[in-house]
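The structure appears below as structure tokens.
The chains carry the letters A, B and C, assigned in the order they are written, with residues numbered from 1 in each.
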Amino acid sequence: MYALEKVDKRFPGVHALKAVDFHVNRGEIVGLVGENGAGKSTLMKVIYGAHQPDGGRIAIDGRAVRFQNPRQAMDHGIGMVFQEQSLIANLTVMENIFLGFERQFTAYGVIDWRAMAAAARTELAKVRLDIDPATITSRLSFAQRQLVELAKVLTIEGRVDGDLVILLDEPTSVLARAEVELLFGIVRDLTKRASFIFVSHRMDEVLELSDRIYVMKDGAVVDVVDRADADADAIQHKMVGREVDKEYYREQKQKPHGGEVLASFEGVSLEGAFEDISFELRAGEVLCLVGTEGSGREAILRALYGLRRPTSGTVTVKGRPVTRFTARDGVGRGIGYLPRERKVEGIVAGMNVHENMTLAQLPKYSVGGVLRVAAERRMARDWIDRLGIKTPSERTDCAGLSGGNQQKVVLAKWRSGGSDIFLLDHPTRGLDIGAKEDVYEMIREMSDAGAGILLVADTLEEAIGLGHTILVIKDGRFRKRFDGTPGRKPSLYDLLHHMI
Amino acid sequence: MTEFTTVTAPRLPSRERIVKWAPLLVLAFLILLFPVFEWLEDFRGGEDHFYLLDSRFFSIRNAARVAIAATPALMVALGVTFIIIMGSIDLSMEGTVSVTAVVFAFAFLAMGGTLAGHAWLAIPLALLVGAAIGFVNGVVHVKLRIPSFMASLAMGFVGTGLALLVTGGDRVRVEDEWFRSLLTVRWFSFPVMCYVALLALLAAWFIQSRTILGRNFYAIGGGEDLAKASGLNVERVRIMGFTLAGVFFALGALMAVGRIGIAETVTGKDFMFISITAVVVGGTALWGGIGGVWNTLVGVLIVNVINNGMVVIGLPSFLQDGVLGLLVIVAVVLSTNRKSISFVK
Amino acid sequence: MSFIKNFIEAETVSRRNFLLAASYGVSGAAAARMFGPGPAAAATYANPTIAWSYRNRTNPYWNEIASGGEAFVRSLGMSNDDLTHLINEGSSEKSLADVKALLAKTDGALALAIDTNDAPNARPVVEACAGAGAYVSTLWNKTDDLHPWDFGDNYVSHMTWSDEGPAEQTARILLEAMGGKGGVVHLGGIASNNPAIERLNGLKNALVDYPDVELLDAQPADWDTQKANRIMSSFITRYGDEITGVHCANDTIGYGVLEALRAEGMDVPIVTYDGNPQAVDLVREGRILATVFTNPHWGGGITAALAYHAAIGTFKPSREPRAHREFYGPTIMVTPRDAAEFKANYLDDVPTYDWNDFWGPTNGQIMYK
């Protein structure tokens, strides 16, 4: 009924979708799984019209279609239930449901609220939600909002003649088990009038709900399995595409560390983020923080760097307790920080490579406030060679570099400044495999050179492969410490067990 | 594994490349446009006219006139360029120019009234006053956390008020031959003030490209959070930026007094529109991080060439303001990359 | 500190009474007026607030007007601070709102001199004053259908200037200096301003008698020195040596023109208007051929004086002829020949005017076209 044929999508530096074939039958629930960065979200965006494919074709009932925007996709019966909920919190439920489609209730620009409320009740009944449509959305529970979101998408039904395709992007990530059951019940009921595409990280849920499962890896569909043949382990293998590869993470290069303590936390708490965290980071050590999203890992990095002031406990860096928590002091203590969103916090767009590299240590490249640009450029060229940064020259605007190369520029920025403690927050997020390897290589190299590295890895495999030590954090509290020496490394399931 | 590694094309995309040079192209276009109208006029009058050769607009003497008109505005626009690169805005120029002009004139007359004597001290004094106003501006903006446009606008009114207080509404004439040689003495057809402006422009360029301060302006404009995370003292840089802008406003005031020999409360009038317009037309982004002093030079020239050209081709006066507005919009459309529409608020 | 204030107030009142008595020569009459309204329909006040409402003091012209008002107040034995300044900053709405606020505060005991910023605003201002029993004299702006005599005593007078005649005179001086041939350019005020239109008309009237002089161009310079400077240099580009004379709508414009000419090393005769002190100096030096003095100092003083004396009952406006209710202000031509004398008489030493000679220097009743 709805089909993608050989759909291609490229972004600068990334080939996000590679000749993807994908179809949904009438009344079917299709699961979509893959690792972070496998191309799931790009595929979803192509389906609901937020992205336009560069190649291939999209067909509904055999007729080719092309959506310029989500609104056009909606007109063809395709709706998206967003992971980050798209409801506007200060509007009423009915206003949210009919946002952008109020015209059906207006006469000369005046809204007939009673008619809208009645229509909203009908929509809410479809998702078995018995609430007053005039309720302000922010008063609803999270699960209720998820259902309102679904009800909103279901209004497409009234506007479209053909069949519906509804995308569910991680709808269960924040729901309790009972709520998940309820949602699944509703979805199964609704298959009478709609098909669903269900994206989730929770393999068991995908297996439970889906009729068919697409497995994606590196922008391509690597397998399609029917529920009857589905097996969690096999699918996970397909997703990862390999055994946890020792070579891949340069495990053989992992050397024992035995350096002095560079930084330590002693019973450090930060209200609302983490509590009573203690650890030591030694020279040459790669210390991985493992936990789910929101478990407090990022806040620990930011507290060590100086961007957040802990509410209690002692942070010690290089033997001295930290009393001043500013980024400036963090830089002064020799800490380099790679934030998660490079575009937002990593590089200054509009500034070129050498300007970005020296940003944190301009005084070192200046005399009396006047810059020694030649020295800057020399240093930048040197690091471009050492890290193999692919850039035409040190004077190229950083915004034009690929993600991996931007990441290297940020690393060079801290390494050239002589930092020896590195806080890496998802350093490989959004990078393709070649670039990821480069980053792993650099992490090993820095650790060999005696730097202490605190890593929040993008995947558990990364953490296992790279870490000397792995700390599991759950809900802001320390759960378990694993030794990461080759041969003694914990398994994925060991970690997961403590994470969730 | 190399098949996965894609290298971004090394050169700028052509659209960006065009945008980068667009202001200069707009300027060149305008310079070639006005003589066409002159030619048309003479052609209709049945006179011989050889396009550029016989153009009164396209002549050294007119270039000097445009340059004289542009000089004070250029100084003011340079000052505000730094602020706009930081992603802030400074609207205090009218008040700052007025008060520094008036202070300069009074000090100049009080100290003997001629550059040959002690009165030259009035020049550094005026620059200091400009710096002080800018400094207060920056402190109010940063320490009291008032948006820069509001803080500076308010400071501008304070400046105008001070100027009125000092003059009581009178004009102050600065007639010293030495000082007025800014206008009256010419080297290679251009008066001295144009060379002073050139020096100031080079100084601004040096600050922009060769000092920590200039680099920090760009860092703050391009990503304030990152600048902070890189250990920059953003507050201090902002205050220094406003102080520097104040110095350039004071330079603008000196040029304005040098041009017409009068300091008064209205000396700063119209500088806000012309300087902000010039900066934007020149291609410096209002959201910060992009552009620089050369863009501003081109922008100031564009605005002044339009002003001069309209009179030279005899455009009816009631059309001039409208045409200036339209040309400014066209110039902005051509010379800025409005893809990041987030600033359009 | 209040005792000081009380003392000063008491002192001014007694001095005023004394002066009043002196000006009348009948102390009893003045004393009688102190203790009750006279027999006339409109109430008079012994001690009305005196106010001047105008654009702002940044403008030298309005600064002169205001200083005239202050001189009048001083002549009553009060201090400058006893003149209330209402600054409209070019806003008619603010002008009216301020007047209403002051009327409420003074309960009608007000002698108001005002330029209402634009003509339509004059009616609401006058009506508000008349309604509150205050006395108002207007300057410059009012509509042609609004007349003091329609409001009994409360709308005391209106003074304006016709600039066409004087501007024509300066134009003739300029055209003579040009030898009756060549090209002239005009730099005007804000295009829609009445004086700007009249001053250009004056030039056009004069040109009728000089067929060999061409009006090359006329552009508004918005009364602004810097804009005038810019436009003049553009004129020089466009017309070059064809320009043999410049007619400026006021002195401020003239300064910008002179500097543009100086930058080019050109020496072309120019005439201006308003008779500001610096322009008079330039006339004396021969760099400006002529300017017209409208005596804003006197205008500012006499407008306040008319309102004040009507308010205290010195004269009864409704008994005065119409030429005393609507009239043209004085104009004095300043040329190099008489500039020194003029400067000595009017500027170096501001003359002490007789603020009771309300109509002596005026130029007759306003004629409507």
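Throughout what follows, a contact is a pair of C-beta atoms (placed from the backbone, for glycine too) under 8 Å apart; a residue touches a chain by one contact, two chains touch by 3 or more.
As the structure is a prediction and not an experimental result, all values here were calculated from the model.
Peer 1: Using the contact definition from the top, classify how the chains connect: line, ring, star, complete or other.
Peer 2: line
Peer 1: In terms of CA centres, which chain lies closest to the overall middle?
Peer 2: B
Peer 1: How many Å are there between the centre of chain B and the centre of chain C, using C-alpha atoms for each centre?
Peer 2: So the centre of chain B lies 37 Å away from the centre of chain C.
Peer 1: In whole angstrom, how far does the Cα centroid of chain A sit from the Cα centroid of chain C?
Peer 2: Centres of chain A and chain C (C-alpha means) sit 73 Å apart.
Peer 1: Return the distance between the CA-based centres of chain A and chain B, expressed in whole Å.
Peer 2: Chain centres of chain A and chain B, defined by C-alpha means, are spaced 45 Å apart.
Peer 1: If you look at chain C, which of its residues touch at least two other chains?
Peer 2: none
Peer 1: Would you mind writing out the residues of chain B in touch with chain A in their complex?
Peer 2: 1-2, 4-12, 209-213, 215-216, 218-219, 221-223, 225-233, 289-290
Peer 1: Help me check something: in the complex, which residues belonging to chain B touch chain C?
Peer 2: 56-57, 59, 61-62, 65, 68-69, 160, 164, 168-171, 173, 183-184, 191, 256, 259-262, 264-267, 269-270, 307-308, 310-314, 317-318
Peer 1: Considering the complex alone, what residue numbers of chain A touch chain B?
Peer 2: 12-15, 218, 305, 307, 327-328, 330-332, 337, 339, 344-351, 355, 359-360, 362-363, 366, 369-371, 373, 390-392, 396-397, 400-402, 404-405, 413, 432-435, 437
Peer 1: Which positions of chain C touch chain B when the two form their complex?
Peer 2: 57-60, 62-63, 191, 217-220, 224-227, 229-231, 233-238, 240, 255-256, 259, 262-264, 276, 278
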